[in-house]
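Provided herewith is a single structure, encoded as structure tokens, for subsequent inquiry.
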């Protein structure tokens, strides 16, 4: 770490000395890490949702606040052009598919790992994907599962053999699976140390990491000329959404994520700040544990009744204050296979129909435990949804879990029903469907052979028109069977100081790249 | 604690002490006010289904964020629920947490304290080290840990708060027991061959009752605040069940546009804790005859 | 005296062992697996096993505890499962922040309670006495997070005088004195309110006690001492229980900051434990509670010592 700090540490030491004097105790005062001092230009201060920063390695699970930082440390094989909703090359320049089971990927030359860990080569890609496959990491389940073998062909070409035709391969590497780690750094540092302060190949490198604060510094060897614009970014994780936004409004921060949507309208009227609210690739949905026996919701009529009981417009208005779009399915506008309208279920629900369905199902009402995690907006949404379904006799016993408790129930499938949100990285209907509906992918235990066939077929189909037709069928089946009940696509919102220029808003929370942002 | 030296007058004071206390108590004006307020809050909570003008849970988006009016005395919240009704129902949560924590602390703390104080020696040392260990836990963190690890259930909230409060009570009881252990009537009973349990239950317990009662009011107040804090952090009562603490944390988003949402639960928590404190002070004075003398001497209006 | 302190000090490790054993049992007996949280659902059994082995989570409970305790004795509190850093490193980050916040809260409590307590004792049943009573009563009754929110609303949002966040950031430490001090002001008031109430009340009543001692009354009645001397003399005696209580309360304040830390985004010990609980990060929960408990114990011993030093009549 010490070789990286290139700031006025002399001054920081005296300040720390002063602090020590103030509290009358000379003990334990950090390790002289460099402060985020302005050097000519002011550093960018970013406030993100969440507690302290944990793991930052892309080969291990990470949390939202980690993901926000991660994508500024690492570049990906491909990137998304959000305007065109297309996949563009980034570190992988060409994807050739000479035969259905082979992919030859040509890498960009001259990309360097940060902190002197050498050049980015095909060996790093081989190392990373083999790491995923060997550790059976969670990306294997979502994106990398068709990979059979990976090998390097020279320094800049990777050859991948797949077990089945996999047309969606370049697209799915947009997600976690396409972020490479440095083979050398990972071996030298060890998995744990690497995940704490990883060495990436992106625009910024980690300068210091301390509790709820991470300081990123400009990567001097970055391959894109002229980028990044900022010398330094200070990330602070602030758990309380109200505090986070208020800190921005008082100029204690310059950029915040996940502001309380309630305040967005008021902030829009404030000329000192800019609000980016982008229709998001994020879904709020209810999911049922269909492996649990004897629950009334096994009857699809009951699930349909719940979907009819939901006033989606009220959720958009009362929870997200209009910063969301009501939907009942997994394919939003702009995606392949999207069909207008967004909603087939009535936007305000239909209680009469819902009650009819309950009667038809012969269910008179029941009590069920519904869990959600620690996001404050989801907790409010669940309270509202519980009130909606109570009108058709269903009592949601709400359990607001902390992350540990939630994961414990969810990962072990010990829940009855959840309300959760999910953000997807790849703009492809496969990413929004397969994982949630396939019997081998889902946490809900939904098992429908017809659905499986459709999903697998759509995944390997290379003809776009046929593929589109298959996804239409998948959506129709989802709407009929309701293994998941979608509520809305939530906007991805950031609030910025108006003097910041060059930021490209993204529809999803993980990809907030700050390399082009600068003080205007 | 006010139970210092054993008073030689103790034995023949006992019969009339309750009557004396009952006569003394109403003279403590603030204590009376506290008692009346607390009684009103408790009654309202107990009779919530009849007292509360509206359903505290039912969401009515049409009438959200209404300021206080004749229809809604304390206004409505962001889901259009009547704030006054939620306070009354929320009282059930907070007060039952308080009451059950008091019961828990009493059942655990009093026997421990009595045993420790009466038997002394090894038992005392062991029990008090255990109490020390519990007391060194930061109370709110212990509660967060227990509720976080066990799951967000109201029973777990009570257990967590009770585990913090019981050792404090045990220590108070021990101190008072030590003070009366060597009193004439106890030594006499011992000399007559009474069994320890009998001595403890019939002689010591009734003489340490007053510090217990006073400490229980402190426990009650602490429990109300702890429940609010836990709910504020998201570890407490689960929605839609109303809770003063959770309503406060919800209301902070509306501090500018609907201050009544915040002021109402904050006010009721303060009123409740104040009343308990006044009541506790009054009880202390009423139950401790030495304080009567002090009071007369100081002519002191301390609350 | 020396023997008493020695005996108290010997008991410290014993109490700490009990504390750590309780924390250990609480964390292990409850649902939630840190490895699973860390690695996720799709992880292989082998990866999970390797990680469990790395953190000794594959051993039997008594073994785990003994291994942990053995390391603690040599000053090693283990490594955080989620953050990878050694627990001692995390403590080095968090403890100074918490100490500063507690010190700020205590500074506020002292600044208010001493003048208010003395004035109320000297002018009994005057407006200042009633103010004192009202203030202490309110201080006991308001939950500190409620007060924090009101203060933020008034002084940060409406009046725009003071910042909300900033404690423990590099920016705060690299600025001037005012940059350093101002983020502490609101949290210190919110945190120190209860202590202010306790201390004011204590000082007032012990001042009244001292002033009503027979010798003091005689001295004042006979005009043997000028009024200021009376006050100084009374204060000196009344300060004995006051200082003791302040020391105890300081030890206590380290552990009650969690709501304040949450609201003001303070990276202190409370929020670290909160995050550790949420992620079932056992080594952090164990290490941090141990240190918080030790602080509380030493504050109590310090209080006893101060009591003995200040009051020559006390002999242990």
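Chains: A, B and C, in written order; residue numbering restarts at 1 for each.
One rule holds for everything that comes next: contacts are C-beta pairs under 8 Å (C-beta built on N, C-alpha and C of every residue); 3 or more make two chains touch, one makes a residue touch a chain.
Only a predicted model underlies this, so the values are computations on that prediction, with no experimental measurement involved.
Enquirer: If you average the C-alpha positions per chain, which one ends up nearest the average over all of them?
Expert: Centre-most chain by C-alpha means: C.
Enquirer: Between which chains do we find the greatest number of C-beta pairs in contact?
Expert: Contact tally peaks for the chain pair A-C.
Enquirer: On a C-alpha centroid basis, what's the spacing between subunit A and subunit C, in Å?
Expert: Taking the average C-alpha coordinate of subunit A and of subunit C, the gap between them is 38 Å.
Enquirer: Using mean C-alpha positions as chain centres, tell me how far subunit A is from subunit B in Å, no decimals.
Expert: Roughly 46 Å separates the two chain centres.
Enquirer: Roughly how far is subunit B from subunit C, centre to centre by C-alpha average, rounded to an integer in Å?
Expert: 23
Enquirer: Which subunit B residues reach two or more other chains?
Expert: 148, 151, 252
Enquirer: What are the residue numbers in subunit A that touch two or more other chains?
Expert: Where subunit A meets two or more other chains at a single residue, that happens at 374, 402, 404-405.
Enquirer: Which residue numbers or ranges of subunit C touch two or more of the other chains?
Expert: Residues 31-32, 157, 262, 274, 277-278, 280.
Enquirer: Per the contact definition, I'd like the list of subunit B residues that touch subunit A in the complex.
Expert: Subunit B residues touching subunit A: 57-59, 61, 78-79, 148, 151-152, 234-235, 238-240, 252-253.
Enquirer: For a test of understanding, state which residues of subunit B touch subunit C in their complex under the given definition.
Expert: 129-130, 132-141, 144-146, 148-151, 221, 225, 228-229, 232-233, 245, 248-249, 252, 255-256, 262, 266, 269-271, 273-274, 277, 297-298, 300-303
Enquirer: Report the residues of subunit A in contact with subunit C in the complex, numbered from low to high.
Expert: Residue positions touching the partner: 11-12, 15-16, 18-20, 22-25, 27-31, 33-37, 45, 51-55, 60-61, 135-142, 192-193, 195-196, 208, 210-213, 215, 234, 236, 238-240, 243-244, 246-247, 250, 252-253, 374, 402-405, 407-408, 410-412, 443.
Enquirer: Help me check something: in the complex, which residues belonging to subunit C touch subunit B?
Expert: 11, 14-15, 18-19, 22-23, 26-27, 30-32, 124-125, 133, 137-138, 140-146, 149-150, 153, 157, 204-205, 208, 212, 252, 254-256, 258-259, 262, 270, 273-274, 277-278, 280, 285, 289, 292-294, 296-297
Enquirer: Show which residues of subunit A lie in contact with subunit B when the two form their complex.
Expert: Per the stated touch rule, the residues are 242, 260, 262, 314, 318, 374, 376, 379, 382-384, 386-387, 397-402, 404-405.
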